[in-house]
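Structures are listed in the sections that come next.
The two complexes that follow have chain A in common; it is paired with chain B in the first and with chain C in the second.
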Partner chain A sequence: MELVINGFRQELDVRTIQDVIAHFGLEGKPVVVEADGAVLTKEQWATAEVRTQMQIELVHFVGGG
Partner chain B sequence: MKKDVWRIGNHELSSRFFIGTGLFPNPYVQMEAIKASGAEVLTFAIRRINLEATEDDSILQHLQGESYRYLPNTSGASTADEAVRIARLARASGLSDWIKVEISANERTLLPDPIETLKATEILVKEGFTVLPYLPDDPVMCKRLEEAGAAAVMPGGAPIGTGLGILNPYNIGLIVEEAKVPVIIDAGLGSVSDVTQAMELGVSGVLMNTPVAKARDPVGMAQAMRLGIEAGRLAYLSGRISKKRYASASSGFDEFKLK
Partner chain C sequence: MDERYSRQMLFAPIGEAGQRKLKDSAVCIVGMGALGTVLANHMVRAGVGLVRLVDRDYVEKSNLQRQMLYDEEDVRNGYPKAIAAEKKLSIINSDVRLEPVVADVTVHNIESLLEGIDLVLDGTDNFQTRFLLNDACFRKGLPFTYGGAVSSRGMSAILVPGVTPCLRCFIQSADAGGQTCDTIGVIAPVVDIVASYQAVEALKFLVDAGGKRRDSLLTFDLWENRYYEMKLGEPLRDCPCCQLKQYPALDYAEQEEMVSLCGRGTVQIAGKGQLDLEQWRERLEPAAEKVILNAYLLRAQLPEGERLVLFPDGRVLVQGTDDLVRAKILYARYIGN
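Moving on, here comes the complex of A and B:
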């Protein structure tokens, strides 16, 4: 299905947020997920189902002051 | 001498140096500089992951096993709503419930928007964050942020990354006199003399990134800044002399002068 991830349209064969994380090889990394404006904890990823056109943000800590 | 500790909320700190993690030439130099700084608090930004290069190492992997306190910022936000969104994402990392509210009103100066900063602070305090707002060097705004529940106030010395030092030491002095929460000079410092001046003015701490990361030798500069902070702090506690218009001899015994 088509998702908007970090501002880019992506056609992915996924069912849950956990699948999205796995698709990008981000398991075990310090990633934070927001889906349609709601922050999802790690515990929610496996049960949080994605739907077409969902706006997903995958963010992390970077250097900054 | 009694151990000179201070607190953000209930968290006790010995170091008065908050160090930023941007702009270092490489992770090795960054880690060595952090160690040399003696800092206990590290700042970060929150950004989208580059999905084209997710194998790139995370800045956090170099910090594993170390016990630093993380202070993520809301840089990139230009409104209170954007800052609140970034703060919630930062907290969802599970790494920290501290947040530096940083809301820029102008891309050229990156000066903080005090109205939006106040709004964001009010919301985040209600949500249980430990809020450290970056704000203008304005005594009234600092008081307003304190009343809104900020755990510390962080007035800028000068615009971010300029290294211009403390442009209004008079205001910083007033802020320190009036504040009931720690005052941390955030942004604009450039040299050891700047941080020493900040500490002599009585602030509780300083937050720096660029003057360390972009120094020719970041590790050496981190240590120099640490010493400058310690010197300035000790000088503040020890009480400097007042300034006089004319000379006064240091030897005394005027009646025994050779004639």
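Moving on, here comes the complex of A and C:
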């Protein structure tokens, strides 16, 4: 389905937020997920279903300095 | 008051009263690399009374592209960053008390480094130290001003105990996934912008303009022209730091076993999770001089002279040094925790 991920429209074959995280190889990484403006905790990722046109923001914490 | 601050005092939200508050304030900057030098420049020019500068590393040529307080002479002299920074800052504003500390920040010295400090500015290059600072700040009730920069991406937020969530409310993993300034690079403008966002939040806090505090995590990609603000929101219900008050990074036993000397010229750093060696080969190849992968380990010859040996179980050996701090510096550069 088509999702808007970090501002870009993308066609992904996913069902849950966990699938989105896996798609981008972000498991275990310092990432916060916001879906349609609501922050989802890690525990919610596996059950949170995505729907078409959902605005998903993957906030990947930056470590350098 | 001093003509030096006239323009800053003309800015009404600071004014003379705010300037006096800055003079009576003390901040600690941990990490005097790219972010740290910009932070120190702002704090010292603004007239913050005491600025403590903490860093474990020395100046190298590859720093000069973005670490704005250093020059070629510092590289030739091989000065520690904290000392080179003090030298430059002391001729920028001799009214400010500067306290350079050449040290690795650990669970053992964190308490004394934060003694007498009103606010902590994050100039570190790794999440391990950030978690330590986060936990120490929240236990002590000090605001922690997070900043991070890599590639063309940057991020910043001020985290205030009792008011906002802490860093652990957002992230639990210290795995930067190999994305460090030494592997995928960084451009200087992103550093200046991140540190300037940190600096302005520090100024607001120090002059008691809490009502103007930015209540969001700001994140941007300067190359892709993308900005995003995420509301800080509520703390994580079972956050081990700000809610359960366990402060995991301040636990001596847990920190001890992370880094250890193992044999002549080798330091072992215990990992937190498994390493996919094939992925790490791809990540390290552009930065290392030579990378060898076999079924058991990945060995990377670094341009600095030392070697990294990565094991699938997460362990990393730093070969060519007996110095635990040096090993941690290289680990932060290339592995990035």
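In this text, the second predicted complex is superposed on the first by the 62 of 65 C-alpha atoms of A that agree within 3 Å, B and C clash if a C-alpha of one lies under 4 Å from a C-alpha of the other, contacts with A are read in each partner's own complex, and residues count from 1 in each chain.
Definition applied: a contact is a pair of C-beta atoms (placed from the backbone, for glycine too) under 8 Å apart; a residue touches a chain by one contact, two chains touch by 3 or more.
Given the structure is predicted, the values throughout are model-derived calculations rather than measurements.
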Joint occupancy of chain A by chain B and chain C, clash or fit: clash
Touched partner set for A:57, first chain B, second chain C, both or neither: both
Partner chain in contact with A:28 - chain B first, chain C second, else both or neither: second
Which superposed partner A:65 touches (first chain B, second chain C, both, neither): both
Which of chain B and chain C A:9 touches, first, second, both or neither: neither
First, second, both or neither for A:39, with chain B first and chain C second: both
Chain A residues touched by each partner, larger count belonging to chain B or chain C: B
Residues of chain A at both interfaces, chain B in one complex, chain C in the other: 6-7, 29-32, 34, 39, 41-42, 57, 59-65
Chain A - residues contacting chain C, complex: 6-7, 28-32, 34, 39, 41-42, 57, 59-65
Chain A residues within the chain B interface of the complex: 5-8, 24-26, 29-34, 37, 39-42, 57-65
Interfacial residue positions of chain B with respect to chain A in the complex: 20-24, 30, 43-49, 51, 54-55, 58-60, 70, 72-73, 75, 85, 88-90, 92-95, 160, 187, 207-210
Sites on chain C touched by chain A in the complex: 31, 33-36, 122-127, 147-150, 153-155, 170-177, 179-181, 186, 217, 219, 226, 228, 230, 233, 236, 273, 336
